[in-house]
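Look for chain A in each of the two complexes below; its partner is chain B in the first and chain C in the second.
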Partner chain A sequence: MPSAAEILQQIVNGTVIGSVYVLIALGLTVIFGILGVAHFAHGSVAMFGGYLTFWISQKYGLSLYPAMILAIPFGAALGVILELFAYRPVRNAAPINAFIVALGLTMVVDRLNMLLFGPDQLVIRTPYNGVYEIGSIAVSELRIQVVVVTVVMLCLIGYLISHTSAGRAVRAVAQNPYAATLMGIDVNWISLLIFAVSSALGVVAGALIGALLALAPGVGENLVIKGFAILILGGLGSIPGAIIGGLTLGISEALAAGLLSSAYKDVIAFMIMIIVILLRPQGLLGRK
Partner chain B sequence: MKVSGLQCFTLAAFMLLGALPYLVFTPYTIQLATIALMWVLMAQGLNVIQGETGYVSIAQAGFMGVGAYASVLLVQRHGFPVWGAMLMAPLAASMLAAIIGFPSLRVKGHYFAIVTLAYNLVIFITLSNAVSITGGEGGLSAIPRPESLELPYLGTVSFHNRINYYYLTFLTAALGYLGAWLISRSAFGRVLRAIRQNEPLAEAIGVNCRRYKLTAFVISATYAGVAGVLYAHMIGFINPTPFAPDASLNAILAVIVGGSGTVAGPAVGAFMATFLPEFLRVDESTRFIAYGLILIVATIYLPRGLVPAIAEGIAALSVRFRLSGSLTSRPN
Partner chain C sequence: MSSRSTALALCSLAMLLGLATSVPTIAAEKILNVGYNDSLSGPGAVFGVPQQRAIQIAVDEVNGAGGIKVGADNYKINLITNDDKANPTEATNSVRKLIDRDNVKFLIGFCCSGPTSAVASFIGNEDVLMLVGTAAEKSITTRGNSNLFRNRPPGDFTGAAAGRFIASKGIKKLAVIGALDAALYNQYLAALRVEFEKLGGQIIATESAGLGDRDMTAQLTKIKGLNPDGLFVEIYVEQAAFIYRQANELGLKIPIFGFHGGSEEQFLRVLSSEQMEGVYDLRPTELTPAALGPGAAKFAESYKKRFGENPAPNTGYAYDGVYILKAAIEIADSVDVKKVTAAMASMNVPNDVVLKYLPVDGKLFDQNGQAYITNGAFQWRNGKWTFVSELPSDTKAYSDALSAARAIKNPIK
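Moving on, here comes the complex of A and B:
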């Protein structure tokens, strides 16, 4: 029987990795909720951001955060390119077409990452190695920063959506794209904006993953599937749902890995998603 | 009897494939054609759930793996004769599809696709980690070919012979093709198309959509299971790699490029998806980039696939040259 301290330690670990999941899910849920696109290549875009952060930090000797900030515009640009050349031509076709385009993009971006940055596992080195001990629980400096960065990003997105004119336009498009168009909102522009912002969030998530765990081929695919599992958990298009779903998945995964079996932790994560679908197809916070 | 252009084409393709071992002699090409025929089964199965019913399943490679492993385990662990195992194993994929499809088909569209992708990952992780049963990453080797058969007129048919194994796969794929054709023409197939076009309406008319969707899903998994069984006993060695989600995407590529919702389309797409990499002859990363781009461009410019586009082209030409309308394919 595991001790209470062990369980608590796993919950803390799960909150950290869950924060990264929240960042991924946030980008996905904004794109899905407003544009109705299941942006499957989001994980690969996040990995692109992570790899680019690694490359910039190596090349110019920068630490994690300056390199990440320099990588953000490139990640956002990648998102904009995908929207313009792949998603926009199928916007008015059946939703299944956009999904298949998304699968194609995943293949392309994933393998481009491999060609550009190589197939090796990479870790972004950081100087934040100090460990805080609270009782019997140990948390590294970097892990605390990951949670802080996530909270900052959430506040920033919340502010952008609720307090700026662009955010108001985004909310209008989410509610009713036709009425928004009639009110003079350029839906094409909003669509680009959303992809840029979501991809920027993806870059942050990718950089944090690179510092916390590692960047490797296949990580992006795994990440985006978990992102969608979170959307399903929390309810598609719901921002609070993405936060709660992300933390739930992170914590249950950490508990599963620490207490049951690390080889099957992803299986357990997907089982939770499947059980939620069985009991509440609209998601934990979704409306019927 | 009127014969449509598409039916002529199908018949010609069948005859060509039937005579293939007498037309090409390189063992490699015959092996590749055998694998292409397995992909015809994969694509044909996926078409039932994706093309007809409109539910994209990204679990097909997982079902293929379940069929493959089930057959090998029945032979190696439980002493089944190879033919018996080959006939039983696809049912493992069907049963699994029934169990996981039952809750999952409550969700639609993107949700369903993502959930099936998660299932494929679960299957893949399990195959890689349940080392005591599946051999893990190392896989299972020394898989026997099916026993020789005594057939009238043909004498002893040994399946160690590459050409005979080709014909076994060809006959299975032809049966699968016939099955898909019968499904698309049946009342059952019409209900599936109704579900694709307007599920709430179908439900309102009194169709038990869930039962139809589940049946379609189980059929699609059975096709994949059959393909997996044929694959395992031909290659003689299996590990989890060919049953990863990447391979499921390959099946989707075949269906979309060939023509989703048609019977001939997935077969054409399967041959393209198998032979294209051979012609591209590039490393795997570049190949996947090419795949992805083809998928995107095909979805944007040829959303209905090659076969309908070609059929329409022939129809347009025959109208222009005042040929008899019987050469055109009937819209379905």
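Moving on, here comes the complex of A and C:
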């Protein structure tokens, strides 16, 4: 029978990985909730951001955060390019067109990452190796920072959406794009802004994954699958839902692996999601 | 024709023949295509890429020295390279292409057990010679293939010695984490368990991790809760590095033993030297330049000069593979695959190899096509793998057991 300390340690472990899931799901939910686009390439964009952070840190000898801040504009620019040249031409077409574009983009961005950064596993090295022990619970400096950075990003996004004119415009487009246009809001500009912000969040997620675990082909795909699962769990388009869903998935994975078997990690996590969807089809925080 | 003309013609013919026989023979330069299959991308690339580099160095050395001498001809090696992505299906397709399309008769490489086992399952029916490098899964040399050789000992040859070593360190309760679904690691652990338990030890936990996993905190937390005296880790290099880092982050302060190989650079890409301090790697005594003499040191120097980093331990198998093939062809004095196979089966340890082989009945390969090197315990000390001690193993007894396993698997052969 696992001790309380062990269960608490698993919850701490799950919160850290869940924080990265939250960042990925947040980017996805902003795009899906406002523009209705299932942006499957978001995981690959996050990996692009992570690889770029690695490259900048190596090239200029910078540590994780300065390199990540320098990579953010490039990630945002990639998001803008994708919106402008891939999604915008199919915005008013049948939804299946955007779906196919999204799938194609995943392969294109993955290949781009491979060409630019190679197929090898890369780890962004940091000096944050310290370990804090509180009773029998241990957590490293880097893991604490992952959670703190996620909270900072959530506060920043919350502030942008609630307290700026651009945020008000985004909310207006989310509620009713036609009415927003009639009120003089440039929907094209809002769409670009949403992709830029979402991709910037992806860069942060990619950089944190690169420091916490590793950047490698296939990592982005797994992240985006989990990101969409969180969207469904938390409620499509709901920012609080993405936060609750991300943490629920991270913690349930850790508990399943620790208390049962690592082989059932994904099975248990997705079973919880299926149960939630059966009981609340709109997701934990979604509206009917 | 008059008799005078006939005599003149005969004289001329005799002179021509005399001239022909007196001209020294000029060696013809020929190309020998060698198929090189390895895991050059995906999770196995951590072993495959260093193998590829080592093979390239050896091939360049052989070709630079004039090639392989066969009769009056000198054969330059031309490598035809395929990547199996550490995937059995890809490996099967890759080797089929090398045999059917490129018509190669000699195959080298093979760092990963899964894909190599897949190829070993059909290679016995092909008219080729296959020389396996790093792949250590036992059944690769128990399938009864007379055309398959391997210059790396199987995993369980090392596992038994590792079990004795861990027990000698006073460990009584050992926890295990690794790729336990993979046959190689299963076999290593089974041999380790027998010896460890014989000496009074107990394995209190076996936690599985996938070969592509990078977050093993959940399993390590579970292990920490069981309070073991020691931790044993058996998995690919990159995953092992993450386990060591995460064990450190979880405050798991117990002796750690591993089976993975990997160079200093490969570990330091993932974690700091302080996080690795004291970790043991219990593996065959692969490329250890300080312990192996000038040949190994020269190869290590060439590798570092060319690729900017130290060679991974497994590179010794790949480098030697090229020289073993060269020696077998020169002994056979032919590139006929049957003659080369026969020569390889009965050859002694060649001079140009860098690893220290343990001959069986005086031969490099035993009756199963299996070669052996010594096992060793290495410990991470101040940023380097340091040789601690040899892990004694009975080569002859193991070889006989391998033959018995081969006989059970292939009763008709």
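Note that the second predicted complex is superposed on the first by the 286 of 288 C-alpha atoms of A that agree within 3 Å, B and C clash if a C-alpha of one lies under 4 Å from a C-alpha of the other, contacts with A are read in each partner's own complex, and residues count from 1 in each chain.
Here, contacts are C-beta pairs under 8 Å (C-beta built on N, C-alpha and C of every residue); 3 or more make two chains touch, one makes a residue touch a chain.
All figures in this text were calculated on a predicted structure; none of them were measured in a lab.
With both complexes brought onto chain A, simultaneous placement of chain B and chain C is permitted, the two fitting side by side without a clash. When the two structures are aligned on the shared chain, A:Ala229 is found in touch with chain B, with no touch to chain C. Seen from the Cα centre of chain A, chain B and chain C lie 70° apart once the structures are superposed, a value rounded to the nearest 10.
When the two complexes are overlaid on their common chain A, residue A:Pro281 makes contact with chain B while staying clear of chain C. In the superposition on chain A, contact of A:Ala263 is made with both chain B and chain C. By the touch criterion defined above, A:Val197 lies against neither chain B nor chain C after alignment on the C-alpha atoms of chain A. When both complexes are overlaid on chain A, the residue A:Asp110 reaches chain B alone and has no touch with chain C.
Contacts of A:Ala5 after superposition: chain C is touched, whereas chain B is not reached. Once you line the two complexes up on chain A, you'll see the smallest CA to CA distance from chain B to chain C is 5 Å.
In the superposition on chain A, the residues of chain A touched by chain B in one structure and by chain C in the other are 263. Residues of chain C touching chain A in their complex: 41-42, 45-46, 207-210, 212-219, 221-222, 224-225, 238, 242, 248-251, 269-270, 272, 274-275. Of all the residues in chain A, the ones that touch chain B in their complex are 32, 38, 86, 89-90, 93-97, 99-101, 103-108, 110-112, 114-115, 221-222, 225, 228-229, 232, 236, 263-264, 266-267, 270-271, 273-274, 277-278, 281.
Residue ranges of chain A in contact with chain C, taken from their complex: 2-3, 5-6, 9-10, 13, 17, 119-123, 125, 129, 131, 133, 138-140, 142-143, 213-214, 217-218, 253-259, 261-263, 265. Contact residues on chain B toward chain A in their complex (touch as defined above): 54, 56, 58, 100, 103-104, 106-107, 109-111, 113-115, 117-119, 121-122, 125-126, 129, 245, 249, 252, 256, 285-286, 288-289, 291-296, 299-300, 303.
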